[in-house]
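Below you'll find the structures, each written out as structure tokens.
Note that subunit A is present in both complexes that follow, paired respectively with subunit B and with subunit C.
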Partner chain A sequence: MLRNILLALVGAVVAMTGISSTTIQVAADEQFIPMLVYRTGPYAPSGIPVANGFRDYYTMINNRDGGINGVKVTFEECETEYNTKLGVECYEKLKNKGSTGASLVNPFSTGITYQLIPKASVDEVPILSMGYGRTAAADGRVFKWVFNFPTTYWSQASAFIRYVAQQEGGESKLKGKKIAHVYHNSAYGKEANPTLKALANKYGYELILLAVDHPGQEQKATWLQIRRAKPDWVFMSGWGVMNQVAVKEAASIKYPMDHFVGNWWSGSDADVVPAAAGAKGYKSATFHSPRSDYPVHKDIIKHVYGGDQAKAKSNSFGEVLYNRAVVNAMFAVEAIRTAQGKFGKRALKGSEVRWGLENLNLTEARLKEIGMEGFTKPVKVSCSDHETMGPIIIQQWDGNKWNIVSDWISPIREVVRPMVEKAASAYAAENKITPRSC
Partner chain B sequence: MFYRETGQFKSSYKADQAIFPITQDRWFILFIFIIAFLVIPLTASEYLLQAVMIPLLIFSLAAIGLNLLVGYAGQLSLGTGGFMAVGAYMTYKLTTAFPEVNIIVIFILAGLISASVGFLFGIPSLRIKGFYLAVATLASQFFLVWMFNKVSWFYNHNSSGTITAPPRELFGVTVTGPTATAETRYIVALAIVCVFALIAKNLVRGRLGRSWMAVRDMDIAAEIIGIRPFQTKLIAFSISSFYCGVAGALMVFLWLGSAETEAFSINESFYVLFMIIIGGLGSILGSFLGAAFIVCVPILLTNAPQLFGLSMPIDLQKHIEIMLFGFLIVFFLIVEPHGLARLWQIAKEKLRLWPFPY
Partner chain C sequence: MEIINFLNLVFLAPFVEMVSYPIFFSEVIISGLLTGVMYSLVALGFVLIFKASGVFNFAQGAMVLFAALTLVGLMEHGFPIWAALISTIIVLIVLAFVVERFMLRYLINQEDIILFMATIGLTFLIQGFGETIWGSNVKPLDLGIPSESFELGGLLLNEFDLFAAGSGAVLVAVLAIFFHYTRIGRALRAVADDHQAAMAVGIPLKNIWIIVWSVAGFVGLVAGIMWGAKSGVQFSLSLIALKALPVLILGGFTSVPGAIVGGLIIGVGEKIAEIYWGPLVGGAIENWFAYVLALAFLLFRPQGLFGERIIERV
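So, the complex of A and B:
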């Protein structure tokens, strides 16, 4: 009896695996990029569009151009469940794959980024934590192997305050206002707090910090506090299932949604759709357009999905986080292209790609060539500034789609940069790193 | 045929009370030691060491700690993750405050602090028993993790609340931090685990272990024959938390390199509890077997499709892995409710009679 059940189970597993059995091959001269993804668990709503965006952009580059200057991009996914331990395991598994090892790694998790930062310099694999991870890594003198352009949590928080000031009618109006920060109680969620505190001292608003524990499905107490304190603005650093719960809770206490602003990880389609009409008016920061009608999108439809719009849509095509992953994949590809300009058109090592990241100069003209004009802003990385402090823009959900509702807002550099340098030098002292001179 | 003790005569009490009274067992253990100390560090890839062997050792240590408390003293505890967090955060605080002190000493000190915290949370155990005690220890898990998240002093006031292992040397070799090689970290973890496993084995064979087992089997009877339940239980809590604390310290310093409180969530407590249930309650060997099962099987299942040259969507693969893992747990518990250690024991009994079982 037991044996029969066992046999049946084994048979079922074999049958399921047989459905899509194609073998992965990493041939000689191919640029390998590891992909740490999370398509399962409580963070899957955020993780799936991201993973699909990376996959589609790299596939499009291979199918349209035959790779980066003829060097094919290969990639392999590894499931992390947004769990730092699994993330490190995935990194160890993938870092030596491909002919030259991992070119660069996009952890897509602040927790995993923190784990990988010390390893990066030893393994010589650069980290591109685009708009997440350790903010202090913006100081390239200390963090040689880590890049977090186009902008960071601290810059974003300062730009958010600037946005609030614009809406309220000037920085002087911030005095006496109440601003709540609802954050994921982890390294990621806490990132914005120091900036918000520093700015609270500068502008005299009252800051209310409200932590939400992993994974964030239970937020009744948090929103009860908001109902009692009646903050003028609510800023949120959420991720995964936490976002949709927060938007629903905010709608249920009838908080004015246009004063509820998520950071750029709290503003995708999956975050607002579950709250239906209640989510209307919810805003979030972003650093690229939410639209999906740029030439690059047409190329993805054409070269990845063979013109099949419906199939693309079912693969989260055009969602905000999908677009974000496309931007991230584009940065990776352009950095490799930059490095190829110096080291030759072949598969590059991690250390060579690092040079490419540090000397990346994406101009408006270049963005136009790759079909992303107006999609995102130009970026110029330098040895000392791995962040570039790019501007952000506010988008708003109208019940059907995201619309841009503000101009590009620059971060408050004179507040953020000294804090970055201070944090970086503290890190350098603790870990005995001698900063490079730039 | 090969595994029988005929002809091995014990001429002293000492020989009779040895941990491994049978010669073949001693050879076998020596063989395991040679593999663990020489063959694995020389041949294993970095991935194998980093993703399999080091976590296996660390979780074995935590499982031994919990097994002393649950398996031997019979006090059900769900606070393992919290005690591991105490060990990790205290190691971080101590080593950043006193960088010149030997890291092994720091591990022990952090373990002692963890032991005193365990002592405190063990006090209710005199009045509360069984599942109710589990709920009480659950409070320690949530309280400790909350405290390490809330009080920024524990992570030196950095903005993210993450603790990072700074580079520390032992006999001139870097053993912690990013520059330490996987081989050194593995050897250090292995040495620590061996020493503590030996101590644990001797503890449970001695007076203390016997009084724990007496309390576990029937506390009133134990009290009547002169064992003080309060002291016995508190010692069990302290020693167990010491082991868990050291395991937590090793987890951050020799394995992960940096961590936030999420690494010590309630899931860790459950994992360690599952390890000792699957491995065998009241068995040191069982702690190792259980840890090996829980650590290795998911990794094996994750890598299995590629070993067979199959490629399937990563989410489907993960879901199959979770289902299979659950199935295997149920399977082993049905086949042998007393755990893998008991299976091993049965195998040894059978081997003694082989090839002529009667």
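So, the complex of A and C:
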């Protein structure tokens, strides 16, 4: 305890003086990846497992394989507190580090992603906003430097509606149903609204939109409206404390939890902790398994923690958001590996890694080789499609752990892709971008 | 035609809905009142310190977080509830002592703004210190308070909300008695009026500050328990302070009853606004509406509902 207190005092002094990132020396043959993290602030419970997942996967690649084809991965954390302004400052601070500058950046915040999009093409640092950020960036003809595979908010919303249709007995049964969207009142939270509206027009369900202001600690008014409207299904785009309070409030008004489905940022282990038994039955979307018994996990335990499972657990090992970061880090590593196939086994520049991202073809066989068979789905990126419109699955909390309770559900491409192209086209016109020919 | 429709949506339809669905409207009112008590719990901490020292303690939200984190952290280390509660109160008294010894003592008779800035610094220190010791993960807080929902005459009520409201009411009553009828309470009020005059008549200023910061810490602990039980104990508890500001503006910075009445008005006002007028503008208006409501009150009573009217000769 005394040690913790002394550490706390040192930590507080460090925090007060603004020394908030770890610095790592980068050799010429090392691939540098900046890490924008949030281990402090109101969103820290979500940020910590994400940061640990990235760190562990890169470390495992270095310790097990000696890096990516022998090129060691180096990384440096910078604390954003999930604050857009701080996130941009972190990016500016780290973009030129390493022998070749930043290989790519994972902003892990939709707000930060929006701010970095105009900078990416100027700095030639590709953005990998995996399952978040600007959905229109899926159109690679306009957004050459931005990638949001394996799937986006719009695709997710459409897959959710497809899931509801499956549960209700077919698309025709959606007519007359009430579906509420409880969303974080931010750029991120609003992303799914256009898709849900378009699908409401197509299928004839009534859409109820309920915004919750940051941070979402108080939501009684929202859940009173749910109680009054009695929607058949509730979809949630929340983050941080908003998720925990929403699950608790839903349980409090006795809303049927198996009809309450969060998006993939509303389905972490932390989200169901405060509601305890009340959260049983709550569902969320995801694009990877919540389990932690895949070969890649065994390798992390072996090569990062020296077989010490308890230590790994204390570092969020195996939690939903940890697993998501492992998937994200794997995408980054495989994109660099793909680029090395063209440019050589050396430290690569951002522009070269961008090529690797755009030509990434992660097959089932490759997933098996890297210990992730069944953990997530294959991905094939192309010049025009930076999203790939991958499928989602639904997981459900049983009171102790998350379990997969659906098959993989594909998005409704014929609705979503035209919307993506329209939004990308509008962005191109607004920013005087000439779309590439793919 | 559009104007008539707009006027109808703003000035008529919400009231028709309230009258047409009286049970739901009652639920909104009760929900607002119960939430208001929770706001009052946070606002009380501000009032206590402002009343006794004239300092607007920006760190009150951080104290709520720190108190709850300490309690739940000790429980995670195997302390039984009663021992964790007592230990947390002792930690808060130590914190009050440290704040007086290393911060306030050097700022006697300084400008209010300097004291205010010092509490901003204290906020970051307490937040960083608390998180470093106890971590940033969401910690469930279960003190065995029942939290089942039940229907009464068509109204959905929750046992925990009622318990929180009862606790808040008891706390306010005890504090009101403490301030008005005890010797320490009178000394606190004297210090608030004038530091130097209070010292001149023999009131030990330093002890008074330690007492009041300790009591504010205890109030923060109660607020932290109530809010922490709903959302889990985590950093965002410190942002609860933002919910207390309109309550303080409305109720007055120096009135304990003002904090509770202000909390109730803000709680009910924001719920009614969100549910009946929110959909007209896309929702999520309750945060800023609370400030609008408080500022509207200021037009008529600049000192707040129960605040002391300040008259200065020029």
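The rule is simple: the second predicted complex is superposed on the first by the 415 of 438 C-alpha atoms of A that agree within 3 Å, B and C clash if a C-alpha of one lies under 4 Å from a C-alpha of the other, contacts with A are read in each partner's own complex, and residues count from 1 in each chain.
The definition used in the following text is that contacts are C-beta pairs under 8 Å (C-beta built on N, C-alpha and C of every residue); 3 or more make two chains touch, one makes a residue touch a chain.
Keep in mind the model is a prediction, meaning the values are calculated, not measured.
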Problem set entry | Which superposed partner A:G371 touches (first subunit B, second subunit C, both, neither) | neither
For this session: Name the contact category of A:L209: first (subunit B only), second (subunit C only), both, or neither.
Result: second
Exercise. In the superposed arrangement, does A:A187 touch subunit B (first), subunit C (second), both or neither?
Worked result: first
For this session: Mind working out whether A:G281 is in touch with subunit B, subunit C, both or neither, as first, second, both or neither?
Result: neither
Exercise. Which partner does A:E79 contact after superposing on A: first (subunit B), second (subunit C), both, neither?
Worked result: first
For this session: Using the touch definition from the top, say if A:E218 reaches subunit B (first), subunit C (second), both or neither.
Result: second
For this session: Applying the touch criterion given at the start, work out whether A:R39 contacts subunit B, subunit C, both or neither, answering first, second, both or neither.
Result: both
Exercise. Hey, what residues of subunit A end up touching subunit B and subunit C alike?
Worked result: 9, 16, 39-40, 44, 185, 211
Exercise. What part of subunit C is in contact with subunit A in the complex they form?
Worked result: 21, 24, 27-28, 31-32, 34-35, 121, 124-125, 128-133, 136-142, 147, 149, 156, 158, 227, 229-232, 234-237, 239-240, 243, 270-271, 274-275, 278, 282-284, 286-287
Exercise. In the complex formed with subunit A, which residues of subunit B make contact?
Worked result: 46-47, 50-51, 55, 96, 149, 156, 158-162, 164, 166-167, 177-179, 256-260, 262-263, 265, 299, 302-303, 305-306, 309-320, 324, 327
Exercise. Okay, in this complex, where on subunit A does subunit C touch?
Worked result: 4-5, 7-9, 11-12, 15-16, 39-42, 44-45, 48, 185, 209-213, 215, 217-218, 220-222, 224-225, 227-228, 240-241, 244-245, 248, 252-254, 270, 273-274, 276
Exercise. In their shared complex, at which residues does subunit A touch subunit B?
Worked result: 9, 13, 16-24, 37, 39-40, 44, 77-79, 81, 84-85, 88-89, 92-93, 110-111, 114-115, 117-119, 121-122, 134-135, 185-187, 190-191, 193-194, 211, 214, 423, 426, 430-432
